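Next come two complexes, and both contain chain A; in the first it sits with chain B, in the second with chain C.
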Partner chain A sequence: MKKLINRVPGRTARWILGVLPFVLCLVLYLAASNARLAENENDKLLPSFSSFAGAIERMAFTPDKRSGNYLLWQDTASSLWRLSLGLGLSALLALVIGILNGAIPYMRAPLSPFITAISLIPPMAILPILFIVFGLGELAKVMLIVIGIAPFLIRDVQQRALEIPAEQLIKAQTLGANTWQIIVRVLFPQIMPRLLASVRLSLGAAWLFLIAAEAIAATEGLGYRIFLVRRYLAMDVILPYVVWITLLAFLLDYVLRKISRMCYPWFHAQIQTAEN
Partner chain B sequence: MALIEIRNLWKEYGQQVVLEQLNKTVGEGEFITIVGASGCGKTTFLKMLLGTESVSRGQLLLDGKPLPGEPGPERGIVFQRYSVFPHLSVLGNVMLSLELEKSPLLGRLFGGARKTAEKLAKEMIDAVGLGQAMHKYPHELSGGMQQRLALAQSLIKRPRILLLDEPFGALDPGIRADMHQLVLSLWQEHKLTVFMITHDIKEGFYLGTRLWVFDKCRFDPQAPNAYGAQITYDLPVGQTDGHLLKKSPPRAAEKVPPPLPDKYRRNLWNQVFTNIPCPARVIGLCVCGVGFV
Partner chain C sequence: MTGRYSRILLPFLFIFCSVFSSISASAAERQKFSVCWSIYVGWMPWGFGAEQDIVKKWADKYGIQIDVVQINDYIESINQYTAGKYDGCSMTNMDALTIPAAGNVDSTALIVGDFSNGNDGVVLKNQKDLKAIKGQKVNLVELSVSHYLLARALDSVGLAEKDIQVVNTSDADLVAAFNTKDVTAVVTWNPLLSEILAMPNTNSVFDSAKIPGEIIDLMVVNTKTLQENPKFGKALVGAWYEMMGLMSANSEAGRAARTAMGKASGTDLAGYDAQLASTKMFYLPAEAVAFTNSAQLKTTMQYVAEFSFNHGLLGEGAADATFIGVETPSGIYGNSKNVQLRFDPTFMQLAADGKL
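And now, the complex of A and B:
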């Protein structure tokens, strides 16, 4: 009998084990829901699967009576738009400021402490300021995401840029590169996959800030909808929305990982050799 | 005129004197191999030539003018590792300096200009025997292939001076012999001046036209940092492989003593082993060098 740490599940076993917790949760939910519904068939806390189906049918495949829109898709579109705008803007800021900070000591000296200070401000605490300054429109919500994750991304990119071996920067200079060329040919391409990795890590925070902003001031969006129907205790809508958001977050993460693997194979091969 | 002049050069880190009173002149086309105990300041010396370490006292002159205080294209370098760019293929790595030269803004070439650069780079890659690996990335290359790539990458820029810091330390003896041939032929072809640090004293004898031994001559047990290393030996050495020299003599052939006959060379070995002020240390060094082989 091998030691426990040396026993590795096979492919099928791994798959089954991976699905198991999900199935367990479902079964538990079904049991609890059935028990509650048997006691009181109007119970709203743990709706049955048929009421989920009804809610999904209503939200996704029937036009809204008032606006004529398909609400789920409309909410999804506006949330994803805000999210990608916030993420994209943050990534761009991180790329520019982070690389400049990492490459040029005279940029780093004034900016690095400042950005560290900014990153320590709790973004939710200045949400009211954002609404006052940027109004209740799209901009405030996007800005909340940016203020929430950009400082983290900038600091991370700066750190990664500083971690690139000095030998490479020296080598580039002996090959005739000036500062700008070192940035575009040595630092930028090596930072990109690392930036993608930290964007993936910040996805959770980005969703958090998005939903918080939507909950407070919006007229559509996944977060807005959840907080709206909460008033009617509509668990049959809230739970499918939560599952949908989770699925979207997972897909986004997956796509970013695929892009990184496709565009920067040398980076992932390097990591693998380092791990072995 | 001398290419590099070292005038009463000192290097100190705080209280610690690393190098003291270096006085040497190096002509164009010389191949200088540097040996010395670990931690005696060989890399520090190379870094001063490279321009990444400052000179504490004295002067380091290139063509009679103080050496630029930052790395530049006239001085190529191959480090022990991290010398090639992991995000570029073999071709990309070698082409990089051509692209940087011709395209100041993007650092990239397109179309016809790219074709020309590719052709030049491919010749260089073939010269170091990496033709089969043209489109591979560094992580797909062995250690020896990476060092050959680093050499090709530096040499395509046609530096006047090539600095090598234990470039073959991590390679096995067979590959090392190949690399020796490669370095010698590139040295002659490109009329380089080479400074090469090695822990392998045999390699030092074999490759160099001059062998420098760095060692501390003064030592105070009460203050081990008070004195630095000097160049205690500056030996004219010839190449074991005389035919290489005969084929195409280096430009500085007049200044370089002709290849020494075998008997004499053995005498030089004895010299290093016996006739020195602090023999124990140097013997230790030689043993360490031989151990490396």
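And now, the complex of A and C:
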């Protein structure tokens, strides 16, 4: 008999097994929701799927009574704008500081311990300081994301830069490259796909900080809406929003992976050979 | 083998049994009840009463058991009550209408404890006139009593909500937020209010003393539970007025009680007394009964229902502000076929008559 670790499910079996936990969750939800709705048809905690449909219709396809905006799209637009600004800024910082730290020992010596220390401060613990420095507007929300994930990204890029084999750097030098050329031609192209990979990993944290920022002070956004309607336990709005956020996060991750594969096919080929 | 299996199975069996026993316990006649409360000047007696076993004494008298649980997040406590985890919860009249009642959890205001008489206020930086609020961003907890107070304040000077921009701000961060230059106007409640007013260049331009009796703090219980178990209501009301008598006394014991309550809410006797000064406590059951019986209560609930409807708080099924019926001794406001919130002075009357 084949050992368990050597038994691989076929294509169809893999699909079915993959979908199974989702279906189980759905069934569990339906059972629990039906039980509560049988007791109180207006139960707010676990609403029925028809109330979800109603809430989605209301939030996404009906203009708001007071402002005339389509709330879901307005929330999505402002949240995605903040998120991409925060992620973009963090990635840029990570790229510049991370590569410099990795390449130049005289940069690394003062900066590396400092950034390590910064990355260990929980941003939520210093909120009042952030308010005073960055105010309460859009800047504060973007900065919370940057402070939350940039130090982690910088440390990661620095580590990856240091992992680049010394032979490559020596070879480039024997071919006559100066520091700038080594950074731009040797380090930069090899760091980029790795940076994209760690940005993908930090997406979860970025969403967390975004939603926290929007919960503290905001006038629109996905996190703002969730915390607002929580005031009257409108789970029929909250749960579709959560699913929507999950979907957006998944799409962002997918797009980043596609970009990485398109721009750096050699990197992914490398990983593939390592995996096989 | 059996030993190994039983070790794995026993915990499951235990969970299984405990789930079933809890289900069967809820089906039998209720002996055990639980209420929750959160920190606010008018609700501190609940914590004090639980600590000093005053609630236990009254529960024992009626042969039942009442757990008094403090929940750190006010909204979470109401949500837990609405979800059915507690039989009663401390909340304001507006939240009672928009959370449990709007969620079809028929609720009764068992105890009318106090109303805010200056405990909630609108604060402007550098300006002394409420009219100056026009065009400003106003930081507050959206859809809360602060929002209601703001709507009433704007009304009083002929402005409307479209003349300002509301920025939803978490109450935990409001004081820190006020220090930033982005924030020029806030609406909040005590103890945050007094902390903000203690800062330089701040002016209170409107407070709840200008709309007395509209922001009411209640102990709300599930109507069905109360009807099936009047003992539960009697024990809670009995305990409450014993605590009221204790804390209002100008004696050593009264000061000790208020000191304990002040400490529990993060201040001291002087701080707590200052908060009490802007709260109209109904220390005597007769006062609470008179307030509940007055026709003013029905008008107040009409304002609250209209505000709630305009902000979409009565749910999507609501066609107008009268969608949910609110029963008061002076008559029902709204739909009498959909009464979900009841102001019932019966139990407080028993306390006033000394029949508990």
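The rule is simple: the second predicted complex is superposed on the first by the 274 of 276 C-alpha atoms of A that agree within 3 Å, B and C clash if a C-alpha of one lies under 4 Å from a C-alpha of the other, contacts with A are read in each partner's own complex, and residues count from 1 in each chain.
Keep in mind that, in the parts below, a residue touches a chain if its C-beta (ideal position, glycine included) is under 8 Å from a C-beta of that chain, and two chains touch if they have at least 3 such contacts.
These figures come from a predicted structure and were not determined experimentally.
Undergrad: Looking at the overlay on chain A, is there a clash between chain B and chain C, or do the two fit?
TA: fit
Undergrad: Given the touch rule stated above, what does A:177 touch, chain B (first), chain C (second), both, or neither?
TA: Only chain B is touched by A:177; chain C is not.
Undergrad: What is the contact status of A:128 with respect to chain B (first) and chain C (second): first, second, both, or neither?
TA: Second partner only, chain C.
Undergrad: Touching A:40 in the superposition: chain B (first), chain C (second), both, neither?
TA: So A:40 only meets chain C here.
Undergrad: Is A:189 touching the first partner chain B, the second partner chain C, both, or neither of them?
TA: first
Undergrad: Check the residue A:7 against both partner chains and state whether it touches chain B (first), chain C (second), both, or neither.
TA: A:7: touches no partner chain.
Undergrad: Which partner chains sit in contact with A:137 here, chain B, chain C, both or neither? Use first/second/both/neither.
TA: Only chain C is touched by A:137; chain B is not.
Undergrad: How far apart, in whole Å, are the nearest Cα atoms of chain B and chain C in the superposition?
TA: Minimum over all C-alpha pairs: 44 Å.
Undergrad: Where on chain C is chain A touching in the complex?
TA: My answer: residues 75, 78-79, 82-83, 98-99, 102-105, 139, 142-144, 165-170, 173, 176-177, 179-183, 312-313, 315-316.
Undergrad: Spell out the residues on chain A that touch chain C in their complex, using ranges where they run on.
TA: Going through chain A, the ones touching chain C are 40-45, 54-55, 58, 65, 127-128, 131-132, 135-137, 215-219, 224, 227-228, 230-233.
Undergrad: Help me check something: in the complex, which residues belonging to chain B touch chain A?
TA: 50, 52, 70-73, 75-77, 79, 81-87, 96-97, 99-101, 104-108, 137-140, 153-154, 157, 159
Undergrad: Enumerate the contact residues on chain A facing chain B in the complex.
TA: Those residues of chain A that touch chain B are 165, 167-168, 170-178, 180-181, 184-186, 189-190, 264-267, 269-270, 273.
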